[in-house]
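Heads up, the next two complexes both have subunit A, just with different partners, subunit B and then subunit C.
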Partner chain A sequence: MAEPTFGVRPGTPVEGVAPDALGSRVAECIEAGGRFAMLVGLDERSVGGDGLAVEAVVQAPGGAIARLRAGVSLDEPAYPSITRLVPAAHWDEREARDLLGIVPAGHPDPRRLVLHERWPRGYHPLRKDVPVSIRPPDAERHFVPFEVHGEGVYQLPVGPIHAGVIEPGHFRFSAIGERILHLDARLFFVHRGLEKLVEGRAFGAALPIVERACGVCTVSHALAFSEAVEELTGIEVPARARWARVLLAELERLYNHVGDLGNICAGIGFQSAVSRLGWLKERLLRINDALTGHRYLTGIVAPGGLAFDLDRDGLSALPRSLEAIGTELAAAVRSIVRSDGVMSRFHGTGVVSPATATSLGALGVAARACGLDTDLRRDAPYAAYGDLDVEVVTASGGDVAARFHVRAQEAGASIRLLREVIRRLPDGPVMAAPGEPPTPGAVSVTAVEGPRGASWMWLRAGAGGTVDRLRLRSASFANWPVVAAAAPGNLVPDFPLINKSFELCYACTDR
Partner chain B sequence: MSGVPPAGGSPSGTPDVVVVDELMAAPRLRREVQRTLGRSLHVRHLDAGSCNGCDWEIAALLNPYHDLQRLGIDIVASPRHADLLLVTGIMTRNLELAALRTYEAMPEPRLVVAVGACAISGGVFAGTYAGRDGIGEVLPVDVFVPGCPPRPEALIQGLLLAVGRMPAFAAGRPPSGPAAADGGAS
Partner chain C sequence: MTDPTLDARIILGVAQVVLTLLVAPLLLGITKRVKARLQYRRGPDLLQPYRDLRKWWAKESVESDVAGPVSRAVPVVVLAATLAATLYIPIVAAWAPLDGWGDLVLVVGLMALARFALALGALDAGGAFGGMGSSREVAISTLVEPALLLALAGAAVAAGSTDLGTIAAHGAEAGTAWYTPALLLAAAAFAIVAVAETGHEPVDNPDTHLELTMIHEGMLLEATGPRLAMLTYAAELKVVVVIGLFAAAFLPAGVATALTPLALAVAIGAALGKLVLAAVILGLLDATLAKLRILALPGLLATASIVAAIGLATRLWLPA
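Then we have the complex of A and B:
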């Protein structure tokens, strides 16, 4: 067995691998302690190649990454699927098949994922010879759900349009009585073709689109994209911008976590906590507004630093507001965890084992609530995290209670981190001079720890500082299959609670 | 539950002022709803391919700050119960069928409000293979609420603007074309 070649960023070399050896090489890297980051499908014709390719990215414990690439011919675009060896890759492979027509031969679930049945066969929008604006005619085929059949088993279809103010997704429960036997989650209803839209655009013009992969993780996505562009163009980000980026990322984590704690309570109809935490979240959104002019912090992080500096008045008011919110949040959480009625619903519901979380590649809160000690802020620091002591919170239950606990503790840790960042925020400019356009074909792979976990960005430069290919793999993309694995054995009416305890985003999964 | 924030509860004075203004205006808005509709307005939210930003602002309408129900407006679980469809997103191809069925399930008269840049024109996603450049290509829009996302105050204004158009529908007259809410409400 060859040693895995983990390289230090930037400029990690690509290891060429024979298509039939890709799965075993990736599995070796994972056995050596690495974590699967993503699999990206490529059309090499735009960078002088003559075919297609798939590239797997694995991250070593120290943060270094390995890139393993297998070429796939245009005439016979297939390679042996790696999903049976690397289960975390199963949606990545199905996505590459839909969008690029790269067939993972022997994949255990050959159904369509991103392009549903109304899309015609043979249409692969991420192929370089397919223009972005082509909208092919409808095909007349029907979705085949994965169902369990047998005596007493019935099927419960839910969605894609749901009862609350939430995003669209179709859930097919196979249940016996009220007990879930299997859950088939069908997503990608809000697929907007983001990755194709940014191709050929200048980095600056691609940013607003990348940022809007998800309206509530805008800092994470803008930051991962900016870090990738900065790596490619050799830009050194000014110190104030690096620290302000931590401030913005922690504010994003805080408003998401506070809102998510309230949403978990909404999953059991505990209305007083929903109102209390909804009120706190609104105050955090107003803090964001006062600092940046946008309630969801959109438009400030940009390649080179920040598009503009934080508002002076907003910043000077921040410590006192955070202190008040910290106190009220702690009181709200105490009142929730001291309620026996609440905790009896949280404990033992939606359990994910550490083995399942590891094999499916769970990220963020979902992973840490199963005891997996992982957090990119500490493990592969970016922005100014390397100068800070990040508390990583884990829990062992893997259930709703554990995910609630991890979020509540992380929100408190974010407030402490914010206090330190405000204290140490240096003066100076927030934007660097523009860098040199990178060599066409140069690749940068970056990741940031967003509110829902690691968000990975794979960026290849085209001519004159444009995007040739971008793949964004959000933590929600990684965690959806974990939600489906958490459902069996639970009662159907507990599913909204389980779902909210992961609080995944459909928009950045579907893109 | 009071929507009045405590003194000093917000980092900068500005956002609180908006809420106070809005509360002062509330009796007038309530009269408007009652005068034009004479009953409660039931709203169904439909995400037709958004980034989830507009949707979180719609969710924020229900928090104790904005407390949408105080205006006699509520979000309902089924299109069968809805007078108004509040639509976000570009109208993706994967959702189009379900979105049309949602609209068709609503009783008449029914209103459609397009929320945010994507629902209006496709926003930053305009020109994509994966959907339409706004919901107006497939649904009859009564009011556009601009923003990315629109602030909750702009959403409330858009809803009330839509309600003001209800009599034209009830009398069987065709609407006089889409109206635009003033996105600069806050």
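Then we have the complex of A and C:
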């Protein structure tokens, strides 16, 4: 048995493996302490190959990665599924099957994932010979949900259109009385084909599309993409930009966490806390606006550094506003935690075991609330995180209370980190000179710890500084199956609370 | 307490009906306003519930493919049963409009009829949330109704009658002597039940958009247009019924026991005061409490039953 080889970023070489050895090789890397990062389906014809391929990425504890690629022929596009050995890959494999027609033979759940049943058979948009703008015919087939049948079991269909203004997703509950037996979450109703859309575009033109994969992870996605481009083009980011990127990433984490803490309270109808935290989030959004001209921090992070410098007045007002927000946040959290009525709803609800979290590859808050000590800011530092001491918060319960606790502590830690960054923010330019266009076919794999966990970016360069293939695997993509696994055994009316304790995005899952 | 003439009773009855019909949506407006203020929001106008009713009334009713005649009949039955219940509540004077033609048992029965019809209508529309809401409503009502009857029985035993007007008159005339330990226990039990019956936190959240957590709102999801207007108006009237029952049995001070202009003026003021106070309290509960886990509700409601039963036992075995 060969030792797994983890290479240091950037420039990790890809290791070719036979299709039937892919699963066992990935499992070996994971056994050696690695964490499954992503599986990417590829059409090699654009870079001189003659077929398709799947590439698995595994990350070692120190941040080094291993890339394992198995070729798949065009005539018979199938390989043995790795999901039974690596459960975290189950959605990645189904996505590659839908979008590239690479069939994971023996996959335990062979249903459509990204392209629903109404898309015609044989339509695989990420193949290089499929043009970007065609409207395939309606296949007029319907989605068959997974249902549990038996005496007293009933089906509860929820969505994709909901009573509140939220994103679309269909949740099919099988329940006995108020007890959930099984939850089948059906997403990808807002699949926009963003990864197809960026192919052939220059890096600079692809950035706004990648950044807008969702509205509340803009810094994370723009940063992961920019880091990938910088690796490929050999750009050295100026010091001020590296530090300002930490500032922006922490502001994004902070407003997300504060809003999410309020949303958790909305799950139990605890209205006073919802509005108290909602107002704090609004103040954070106004800070974002004052610093960058955009409430959701869009348009500032760019390959090479920052598109423009932070607003001087906004920056000088920041420490005092952060101090006030920190005090109020602590008071709000204290009042929630001291309410027995609230905590009795949080404790023991939506429990995820460490084993489930590990095997499904939970990320971010969802993982840390189960005791998994993982945070890319510390484990594989990017931007200026290497020069900072990042507090990683974990909890052991794996329930709503644990996820609430981790978010509340992380928000406090973010404020402390922000104040240190403001103090140490160096002067100087914020944008480097453009680099050399990379060799076509060069690949860069980067990751950023966003508010919901790691956002992975797999980027292959085309000719003249364009995107040949990009895959964005957001933390929400990784965590949705964990939500479905957290539901069984709980009460139906507790599900909104469980869901809100993860508070995942649909848009950056669907892309 | 002397019985008034028939003419006086007719005038009194019409006056109470008009007052009840007019004030019911305002109470919802007050509750929403209180809740909004506690959330740092300005909140909707106090008259917004009236405008909502007018808006829905002018719209057409859209119904699901599987809805049948039940869906059409249910809003009428629910509204009629709730309206009828208000006619037995001595809100202003000790003589309710239909005083003498029924007692508190009939009021509880009319409320049960409205609830049954509402649950049936929610099932008829065939939506998943309607069925879920009605199953929860019916499960809760099996615990609410005994507690409601036991609590009211506490007051009925004290007055020696199940007639609500007689109970209220007894209470108003007894003054502080009305508040025996037994009656206070019954009042506490009724207060818990009142929150469940009116669908406020910690039992139900009337303003939620989270379908899976809904109880009463779940049963209204399929109702549109005039049907929604009728069901919403019935829910607003039900608050008057429940608060009116509480006031008659446990807070009768101010109820007119003689038909003098002064007594009537005081009585109208007292009635409005009690209703507004209750609306404010419901808003406070909504804003400051979290919902209980649904499986904790039986415990809460059983507590109400037990407290009411202890009150009744205290009265029966330890006569004052």
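The definition used in the following text is that the second predicted complex is superposed on the first by the 511 of 511 C-alpha atoms of A that agree within 3 Å, B and C clash if a C-alpha of one lies under 4 Å from a C-alpha of the other, contacts with A are read in each partner's own complex, and residues count from 1 in each chain.
As a convention for this text, a contact is a pair of C-beta atoms (placed from the backbone, for glycine too) under 8 Å apart; a residue touches a chain by one contact, two chains touch by 3 or more.
Computed from a predicted structure; not experimentally measured.
Once chain A of one complex is fitted onto chain A of the other, the partner contacts of A:Gly164 extend to both subunit B and subunit C. Once chain A of one complex is fitted onto chain A of the other, the partner contacts of A:Leu156 are limited to subunit C, with no touch recorded for subunit B.
In the superposition on chain A, A:Ile287 contacts subunit B only, with no contact to subunit C. Of the two partner chains placed by superposition, A:Ala433 touches none, neither subunit B nor subunit C. When the two complexes are overlaid on their common chain A, residue A:Ala355 makes contact with neither subunit B nor subunit C. Judged by the touch definition given at the top, the superposed model places A:Ile268 against subunit C, while subunit B stays out of reach. Of the two partners, subunit B and subunit C, it is B that touches more residues of subunit A. In the superposition on chain A, A:Leu491 contacts subunit C only, with no contact to subunit B. Shared-chain residue A:Trp279: touches subunit B and subunit C both.
In the superposition on chain A, the residues of subunit A touched by subunit B in one structure and by subunit C in the other are 163-164, 275, 279. Partner subunit B is touched in their complex by these residues of subunit A: 115-116, 118-119, 125, 130, 132-136, 160-161, 163-168, 188-194, 196-197, 208-209, 212-216, 218, 259, 275, 278-279, 281-283, 285-287, 289-291, 295-296, 298, 311, 313-314, 317-318, 320-321, 324, 505-508. Contact residues of subunit B toward subunit A in the complex are 1, 5, 8-12, 14-15, 45-47, 49-60, 62-66, 75, 77-79, 89-90, 92-95, 97-99, 102, 123-125, 127-131, 148-149, 151. Those residues of subunit C that touch subunit A in the complex are listed here as 35, 38-41, 128, 132, 136, 201-202, 205, 207-213, 221, 286-296. Here subunit A touches subunit C in the complex through residues 155-158, 162-164, 178, 265-272, 274-276, 279, 339, 341-342, 344-345, 491-496, going by the rule given at the top.
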